[in-house]
Each structure stands twice: as C-alpha cells, then as structure tokens.
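In the two complexes below, subunit A is the common chain; its partner is subunit B in one and subunit C in the other.
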Partner chain A sequence: MGGVDSEPPSKRRKLKQSSMAETLADDSIGSKRIKKVEFVRLIAESLHSFGYSNTLSNLEKESGIAVSSGLVNEFIKLVLDGNWDESLNSLRKLSVLDESVVKLASFVILEQKFLELLNADRFIDALRTLRTEISCLSIDQTRVRELSSLLLCSRGNVTKPKPKQEVIIDLQRLFPPDVMIPQGRLVQLVEQALDSQQDSCSFHNSVCVDSLFSDHNCGRSQIPSETLQILQEHQDEVWFVQFSHNGKFLASCSKDKSAIIWEVSLDGRLVVKHRLLGHKEPVSCVSWSPNDDWILTCGVEEVVRCWDVQSGECVRIYDKTDLGMVSCNWSPDGQRVFTGFNDKSIVMWDLDGNEMESWKGEKTLRISDLQVTGDGKFIISICKENMILIFDRGLAKERLIKEDYNIVSFSLSGDKKFLLVSLVNQEIHLWSLDGDVRLVAKYKGHKCSRFVVRACFGGVDQAFVASGSEDSRVYVWHRETGELIKTLGGHSGAVNCTSWNPVNPHMVASASDDRTIRIWGLKGLNSNHSCMCRT
Partner chain B sequence: MKEEEIGSTMDVDPKQYEQIIINGKDSHNIILSYLIHGCFKDTVESLVASTGLKVSAAQLEDMEKRKGILHFALNGNVLGAIQLTEEVSPDLLEKDKGLLFDLLSLRFVELISSKKCTEALEFAQAKLTPFGKMQDYVEKLEDFMALLAYEEPEKSPVFHLLSLDYRQHVADKLNRAILAHACMPSYSELERIIQQATVVRQCLSGDLGKDVVSPFSLKDFLKS
Partner chain C sequence: MGRLFLVTLEGKSYSCKHCKTHLALCDDVVSKSFHCRYGKAYLFSKVANVTVGVKEDRLMMTGLHTVADIFCVKCGSIVGWTYETAHEEDQKYKEGKSVLERYKVSGPDGSNYWVRNETHIISGGEEDQV
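Right after this comes the complex of A and B.
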C-alpha cells in the first residue's frame, strides 16, 4: 500500500477495509469471471479440511466474506456428534433451505436415529421415532416399509447406521451447493484440470505425477530422439529387432544368417549376450516366448530354431522335409509354436517338435508375418498380397482384412486388439480387431515402396506408432491423432524394423540395411528404467 | 331387448328352460349344503322340520363349533378362534402354515386396531419373525409390519388389512380349511353351480369374440 503518508494511519486503514468489502461483492477474477466470493469460500473449505482454523478465521476477517454460515457449521457439528434431535432443530433454523430439502434432510437424520435405536435394542423408542417422526414426513413410503420390517430383525442382525461422515455427504447432496460446499471441491477442480491437460498432450510419454506449478506438457523431449548407442555386430543387413516382453533383452536377426541376443544393462547400454549361429540362410525374424525364456528364429525358406535365452543353446529345430519355413510365432500360453511355410500352409507344433495340426490352402504367403491371439484361437497372417486373414482355427471360420494396395508387414498391439498394417503405397493402417474389424487410423509420411518395412506400437499406454522407412529414418506418429511427431535420422541405409521397449518408454531400437542397430533415447541422458520428470 | 343386445345366437330362449325338470329334493339339498357351509344352524333346523331332510347330530354339533370359531375370528378374538380350531381340527394349523400366518397376522391387526402398538410389536417379534425367513411370506409380512409405522394406519398404503373384507376373507379360508380337514366339501354345492354357470357363459362369450358387447354378468342374468 504505497502512496503519500498524509492521512492519519487509522483512517486510511478503515477506508481500505470498507472499500474492499464493498467491491468484493461484485468482484470477479480471471477471464472467465469466476466469482471471488466462491473462490475464497473454496479456499476456506480446503483450510477447514486441513484443520487450519486460525488461518480460516483470519481469512474470514481479511476477506470480509462470511466463509460459511455459522448455522450450517453448527448443524454439521451436531450431525457429526450424532446429536440427532438437536441437529433437527438446527436444520429448521436454516431458513435459506426449501421445504422439500428440509424434509429430505430430516428423513436422512431420522433414519440414522432409528437405526441407532434399533442397534441398541431400544425397540419401543425406535417404533416411536418411526411413527411420530418419520412417517409423518410422508416421503419415501417404500423405505418406511423397509424400516418397519427391521423391527422384527433378531439382535445383532440389524442394518448398522452409517458412519457420520457418510451422513454429511448424503446431506451435502441434498443441500444447494452454496449452502454446504461439497467436501474436497477445490481438489476435484484441480484434478479435472490435470486430466484435461494430460488428454491434450500429444507427446505424453511419461508416468510421473505432474507438478501443479506448470502445465503438463511433456514436450517433444519425452520422445526418444537421440542416438544413445550404435550396435555394430552384424555382418550384413539387419532385418528385424524386437525387445523381450520384460524389456531386459533385445533380439536382432540379419541377412548374415545369425541372430544376436543383447542384454539391456542397468545403465541402459546394450551388450551382446549370445550370438545364435546355425542357420544356413538369412534369418528373417525372431519371436520371444511369452515368458521370455526362449526365442524362435526363422531362416528364410529354411527351418525354425528354438533357442534358450539364458544359455544361448539351440534346443529345438522345427523342420519339414521339402518345405521351407517363412514365419514363426508362439501361442499366447507359450506351449505351442506356429510356423508358416512356403507352400502357403501353417503348422502348429508342440515344444518337443511334434507336429500337432496343420492348415493347408492359402493361409499365408512367402513374405508374411504370423501372429496368434485369442488364447491361441486366432491365427493372423497375410494370405493374399492385399489381404490379411484372421483365421479362427477352432471353428474354421475366416475373417479378412482387405486393402487396396499390397501389404508388406503387420504387427499386433500389446493388448492384441489392434493391428498395424504397412502397405506398399507408403501408408500404415491401424485396424481394430475388437468386435467388428474396422479401419481406425492412417499414418503417412515415411517411405515404403520396395522393401519390407515394419511398424510397431510403443510408449506409455502404446500411445505412439513407430516405423522404419526406406529413406533411412525412423518415423514416430502420435497414435490417437495420426500426427507425425518426429523423424529420427542417423542410419545410412533403409530402416527395416523398429522396436519400442515395452518396459522403458524412452528406449527405441531400429534395425537397418547399414548393418547397424541404433538405440534411441532422450536427449542429454542415458535413458534408464526410472522415468524422466520435469521439475 | 336384452337378447337383441347380446346377440340372438348367444342367449337361450327362456322357453327352453321349461324343458328341464328339476327334482325338488335336489333343490332342497343345494340349499341345505349352503346353510351347513355357512353354519346357519337355526335355519337348518327349521328347513329340516319343513322338508323332511335328514341332518345328523354330529353335523349340527360341527356347525355350532365352526360358528363359534368364525364368530371369534371376525370379532376381535383370533386367539380364541385359534384355540377352538386346535380342538376341532388338531394339527390343521401345524400343517397349513399359510393359514396359521393369516390367523396370526389377523391377531396382529386386532392389536393395531385397538391402538396397542407396543403389544403388537412384541407379538410380531415373538410369533411372526419365523415367517420372515420364508421367501413366500416376506412380502406379506412387510405389508403387515408397515401398519406399525403409521399413527393412523387407516390412512396408510396398507389400510385394506384393517378392513372387514379382509377379516371375512381370512374367516372364509379358515372355514374351508376346517371343512376340508374333516373331509367335508369345502365349497357348498350352490356356490359350485353358480361358479360353473358363470364359467360356461364366459367361455361362450369368449368363443364368439368380437360380437360380445359385455362379459357375462350374474347380477344382470338374475334380474332378467
């Protein structure tokens, strides 16, 4: 309060106070013209719930706002004390309330009185309350009837009265909100704001709780975009990478006829754990078992090998004479292996290498992925150049996803409800498999016209789609909006495949024709399992 | 007039009635069965005197007893009625739980009507609580208990339980049960004949479908 000190202090202070009280009534704050009175009362309610009674009374004095009516406070206190008769008297003094509200509130209070008397075996008193106080309110006859029957209940079997806090909440619902402010209203408003911020954040990729001091805005900094590591162990084009389900390992396979299992160490760097040698043809894909104990690798039109992850040993070879395998995958329970053949058939095997079932006819193509979902019921593969087959092997029923252009690859979301289909016309289509099969979104911008390029889901809540591209970059889109968020440059050859670490949303791996694998993470730090929070 | 309204195909030409001959003895028996059923002992005695029909002493005694029971039930002494019933038809109330419930709840109603609410509550807690465990009786029990909630039960949603009609209904039920227990017909022949005629007429009007102006009314038939 600056200004010239010409007037005696006491006079000046009084002037300020009265002008404050006058203008408060019309005062509104912010651009939405929030009523200052209401705002102050919300603050007061929060102070009250924290138990800061001194601050509360100071607030009332300084603001000149009667934060809550003394009568209402008295009423609430009487209810919390269980002093039913007095609380009813207090209720009737609240002239601001409607007759109907008073009746409903009285019913709530008297019901509790009745139940209390019943629980104390004071049947005659309970009966009197029912007859003389409750039924003459003439509301909720059904409940009156129910209460009557409670008089017959045996001891110990009666409905208990509610905790007093719950009674207050019931009463709050009946009262107009400006008479009794709903408890925790300010916190509720803040939570609504936080939800709204999170929903509109298209880069949301962290699991931290936000600070209230600034808007939630992940910013592009939460999307992995910096090359943290370049893995140069393969001798030829790297065609496929995939993180294990537990995020601790990465598997890669290459035209150099080998596959490598990498371990993600605690500081986020990857080191070679095992080299899987034995295939006589380039290895086109790998597949982690659901429990991450084993890995399948598929040699192009050759055999499928099963490896033990810990030892690096090849424990099984799946083979069929005169036929070459083109794809492989696990059943969701990890007990069965499915493989696609170059004669367009699919075979199911057990873990000991025995053939269990086979499906002939145009079930798959030479270049195709293979997925098994629905507890092992559905097999998904590319059955014609522009069609994906969802085959119900139990009922022998087929559903088809038909595209206008040739399909080069597809991948399944973690919850198995969505399919990401990469097409030769440089689009990636997102299909929903839940219920009706329908097209949900399209992603564009990358290059894919000659080679097999793969896309994948990733990030917190699988909110992003990443794909390789023939222009040597990794592309990242926001799944919900289809907006292209980032392109990651660094590779010197077409990027064939990407994999987003399911456990660490800040780690992405990409496999390229330049024989390297790049690990991408957040700027400035080696990403590790703890999340990056903005403070 | 009436025939034209209903449809000439449906109603019978009254002249046809005269073709049917009714035995006088049959008529007397029908009336007698009605009187026995309703315990009209004095009327029975005078009918017997005028027509030469036979009624046994045991039947007369049974009528006297039933008359007593029903009188108690209708006039505020259900407990007396129950006691007499036990004498006349032992283990009837044990076997017929529905009837027992009706009688006990009638007693409950008696207490409410005489404004003895505390006693009514105690009676209910003692005698009616076991019925609360049986699914069939839960809703009925709730109806009765609701009477307790009102200082003026005749203005409550369940006021019909206090009416004479209801007491009559229970008394009738009791009467039929006692008769059945003694292997006597629980419906008088007169009642049965009227019921049968009504059903037949209703069937006939039902068959003719849209032609019917109104369903069969016994009252109108008797007036015509």
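Right after this comes the complex of A and C.
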C-alpha cells in the first residue's frame, strides 16, 4: 500500500494556497510554463500605467512579489523630473546592472543634460559636462564630436532635448527587461495574440474589434453568399463589372454594345443611373478614373469612349483611323488615358484627346488587359500568349512574367503590389510585383478553358480572391491559404467577371452570360455596413 | 457564350472553315501525308483555339492509339484529333501532336479542299497514316 499521504486533497490544496505567498512553490503557470513572477509583474505594470496605485500595493503585498524595486522606481522618477545628477547617482546604486549598461545609460542621461544646458544657453556648464562627464565614458566618440560641434553652431531641432518619456523608453531598451519592464508589454502581448487569431481565421471579413473574452471566430457567414439582387437590364451577355473606387457605383458592360452605370443606394440596392449607348461593337471593359468622375469604355477592336459619370454624357472619343482599340485604362493621377490597339501598340492620350506618346512593337495582344501603376511609370499588359510585360516607360526597361500556359486575363490588387493572373489551364496564379517578380500562390477549382474569365481581389484587407467560372458559379478563395472557401451558385450561364465592393466587404457583383448581374451579400442581412463578429 | 478567349496566330495559318478562327501555323506542319475518312489530313506539332474531347482508344492503320477529337473553340465543329498516347514504339513521335483534317480547315491563302463524294458526314475521320 504505497499511499503516502492520507490527507484529503482539498485540505492539501488549501495549505498550498496559503503558503503560496511566501514560498511560491508552484512558480510556473499554463502549459507553456510561464513564470508566475513575470506574469504578476506584467499585471502590476499595467495597473501602474492605469494609475491604480492602491491595487498595485495590495498586489505587491498579497503576491509577495516586488513588482519593481524601489531603486528603479526612484531612478525613473528622477529622470522624469529632469534631475540628471541625482538620477546618475541612483543609477550607480542599481547593482543589478553591469558596467556596460551603466555606461550606456549614463551616456543617454548626460546627453540630455548637455542638450538642456545648451538650450538654456549655459555654455560653460555644457562644455564642462561634455569634457568631464561625457567624454570620460569613452562611448560613441562620433556622437561626442557631434555634440561638441553643436556647441559652436546650434542647429534648430538637433539641439532640443528629447521629451522625458522618450528618454525613459531609450533607457528601457538598455536595461535588461526584468529590471525595468517595457511599458505596455501586457497590451503588446494581447495584441499579438489577436493578430495571430485573425491571421488564422480564413473567413475573416469584418472590421469590428474583437472582444477579448473569446477567440476570434468569424465563421462562413462573413463571406457574401446569398443573392440579394438580380440586375436584368442588359440585352445580351454581360462581360465585365467593376465597382467604383468609392464603392458608390457599379459599372457593367455587355455584348449588347452598351454599358450601364448603377448607383448603390443607402439600403444596398442598386438602381440604374445611366445607360451609356454609342458603341457599335460589344463593349469589353470599363475603367473608372481614380476620382470616379469619369469612366472609360472600350468597344472590341473599335474606339474608347470617355463618359462623365454624373451626367452620363460621352465627353470624348479616343480613336485612331484604321486601328481598333482593345483595352483602356487611366494613369494613377487621372490625367492620362492609356489604350491598347490591335496592332500590338500602346498609346497614351491626354484628357483632350491628343495623342501624347506611343509604344510600338509587341506590347499587347488582341485580348489583353491594361494596367498602369507606379505613378504612371509602369504599364502592364499581356505581350505574348504566355507572358505579361511590365514596361517601365521612363527607362524603356521591361520585366516579364512567364507562364506555362496561355494567359487569359489579369487583375491588379488595390495596393498595386500583386497581380492575379488567370490561365487557360484553369489555374489562377498570384504574383508579387514588389522588388523581384515571383509567384506567390495558386488557386484552383474553377473552370476556365474557352472564355475570358476574370478574377479579382476583395474583402477586408483584400484577403480573398474571387473569380468567375464557366460552370456558372462564382468561386471564392482565401488569399493566404489558397483554400477554396465558397462557390456561389445561381447564375444560369458562365460567370465572366466578378467585382468586390472596395468599401463594403460584404458586397460582391458577378456578371454572367445569362445577361444578368447578381449582387451577393450576407445571409439574412441587407448588404449595408453592419458587421457581425460571431454567429 | 462569353467573350471567347481566342489566340491570334501570326503568319500563314490554317483557320476553321466555318468561323475563320486561327487553328495552326503553316510552319508547324510535321507531315502532310495523313488520311482521314474524308481525304487528306496534316499532322501539326501545335494547334490553337481548340477544345479537346473525350479520350478513347482507336485502332488505326498504324496501330492502337489513345486519341481525342478536337473541336473549334468558336463554332464547335470537329476539326481533327490529337494523339494522347501511341501504343507502338515507332508511333511514339505522334504523342502530343494533333491532326487537322484538310477538309475542315481553310488554307493560308483561304483555299478549301473539297471531298470527292459529299456523303453523310457526322464525325471526323480516323484512319491515320504516316
């Protein structure tokens, strides 16, 4: 019978609790064996920053853990008061610190003392400090020389001493963390935990602040999945849709040779604002100006028309005899229009219809998108069947994205740093344009082998990728993980294009061969700007 | 159907007889001595703007092959077949290449090829030959 102690467990526990204060027998908590002493000190630091001094002293008494030594507190107080000499004395009393830290900290303090004296025009005193106190520390001689040059010629803000709080932060960085706890450390740890919860949530699509009481968990309900509205104004296949930058309008264009501007009303429903008629060929794409005042529409191998959004009037026609235009876009400053032609050239125009510059050679293809980034410096288009050209028009330099299969379409992210390329082998590739051009992710599952099917970014922080598909569904992937999250059914024809409202993360529009545009939103909700964190 | 993704071929090319979609370049001809039920056929190393049908095993003049019919992406008419695998060693060179029936395409100068007897034509031909 090995039973060592016959004491009932409850009694044993009570005994432990009472002796906890003195012995700290169990000094680690949680599965990661966090040191209890450190945890209590973090709590105490937070209490201190909130100003709850009574609670703080109670905590120190009950836990028996000295939260921060009296000497350190004194030191901090002296620095905050600007009492440099006294603070140096108390610094030397802190025996926990080793020589080098003491020296570096002294340097920081004396530097502030020097600058203060300089500002007060007490040059002799400043010089004395520099000579006797600072230079004998023999640290950072360059800074010492800089300081001495300041004696001769003061230069504006360089001579101003830092605010005391900043000095404390500098000193905190020098001191080992268990002597002086970094300010706001507990809050920092909590924020890190929240970030990691958000990152692992594949469906995170709302901007509300999480409660700390339970894990962040969006659930599938945050992705638009229910058809809220079916827009049936086009007479033929709808090939392209795009929301304006301010999320207030939607533009659609169709094989019926027209484009329509829709307005998003306050309750989330869309109504026709203007019908843009005039093209003699099916309209293949639209492009919103950066300030959403104008819109460009491109007829297939025809002309590009510029329309005023408010009045619905065609204000300009961009045309070149004997050539047909295939793509159009604005420069980021909204002052220039770029168009691609079916003779593979790209032309830049100004707002009055004058041709400014043209680039010939194999710059673009008959079926190609056109994007302009980098303050108008870079032109992106499909130059060969399996290659995307990033053309620096200032330096006439080219970078290429090469794929193994034909490229059908591409679209740029909101921050212009990523490119979503749709391929004919039914994959969508995500390329990063920042620095070196490289492949980042692949998305699969949809169907795209015959038609021009487009993909787009969307959702909060553009965390999702949506694409049309030839099987009449809209596909939504999580951008980071590449996981296919949802497929939205409802259309009765191939979905050619999708657009996610940049301002309302819960509104998606899709254009289909069945002549309709569907607006998708959250289940059971109008697609207004409410958000639910948890179902 | 949506906006068709059509590849434009540069240079002399063969196009679909009905809808003029570019199908293959003259430079990509590998052999001109193939036969199908309706006359001549050419073997091409690369074809464009076609969709591939169901794979099946067919016994041709030169042996057993796994082939799939190919159709014009725009009008859907059958234009030939593509070799998936060849089961005989000396036929392996055909793998991955496609045959376009001369009857189904217009030549680079727009010329067409007429079958001797216009019998009931439903599907593309087989036959094959080096």
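Heads up, the rule we're going with is that the second predicted complex is superposed on the first by the 336 of 535 C-alpha atoms of A that agree within 3 Å, B and C clash if a C-alpha of one lies under 4 Å from a C-alpha of the other, contacts with A are read in each partner's own complex, and residues count from 1 in each chain.
Following the convention adopted for this analysis, a contact is a pair of C-beta atoms (placed from the backbone, for glycine too) under 8 Å apart; a residue touches a chain by one contact, two chains touch by 3 or more.
Computed from a predicted model, the values in this text were never measured in an experiment.
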- Message: Taking the superposition on A as described, I'd like to know which of subunit B and subunit C A:Leu127 touches: first, second, both or neither.
- Response: first
- Message: If we overlay the two complexes on their shared chain A, which of subunit B and subunit C does A:Ser138 touch? Say first, second, both or neither.
- Response: neither
- Task: Give one of first, second, both or neither to describe whether A:Ser284 is in contact with subunit B, with subunit C, with both, or with none.
- Result: second
- Message: Touch test for A:Thr321: subunit B only (first), subunit C only (second), both, or neither?
- Response: neither
- Message: Once chain A of both complexes is superposed, is A:Ala494 in touch with subunit B (first), subunit C (second), both, or neither?
- Response: second
- Based on the superposed arrangement, let me know which partner A:Val424 touches: subunit B (first), subunit C (second), both, or neither? second
- Message: I'd like to know which partner A:Ser148 touches here: subunit B for first, subunit C for second, both or neither.
- Response: first
- Query: Within the complex, which stretch of subunit C touches subunit A?
  - Reply: 1-8, 51, 73
- What residues on subunit A touch subunit C, complex-wise? 237, 239, 255, 282, 284, 365-367, 385, 406, 408, 424, 449-453, 470, 493-494, 496, 513
- Tell me, which parts of subunit A touch subunit B in their complex? 123-124, 127, 130-132, 134-136, 141, 144-149, 151-152, 154
- Partner subunit A, residues of subunit B touching it in the complex: 117-118, 121, 124-125, 128-129, 132, 141-143, 145-151, 156-157
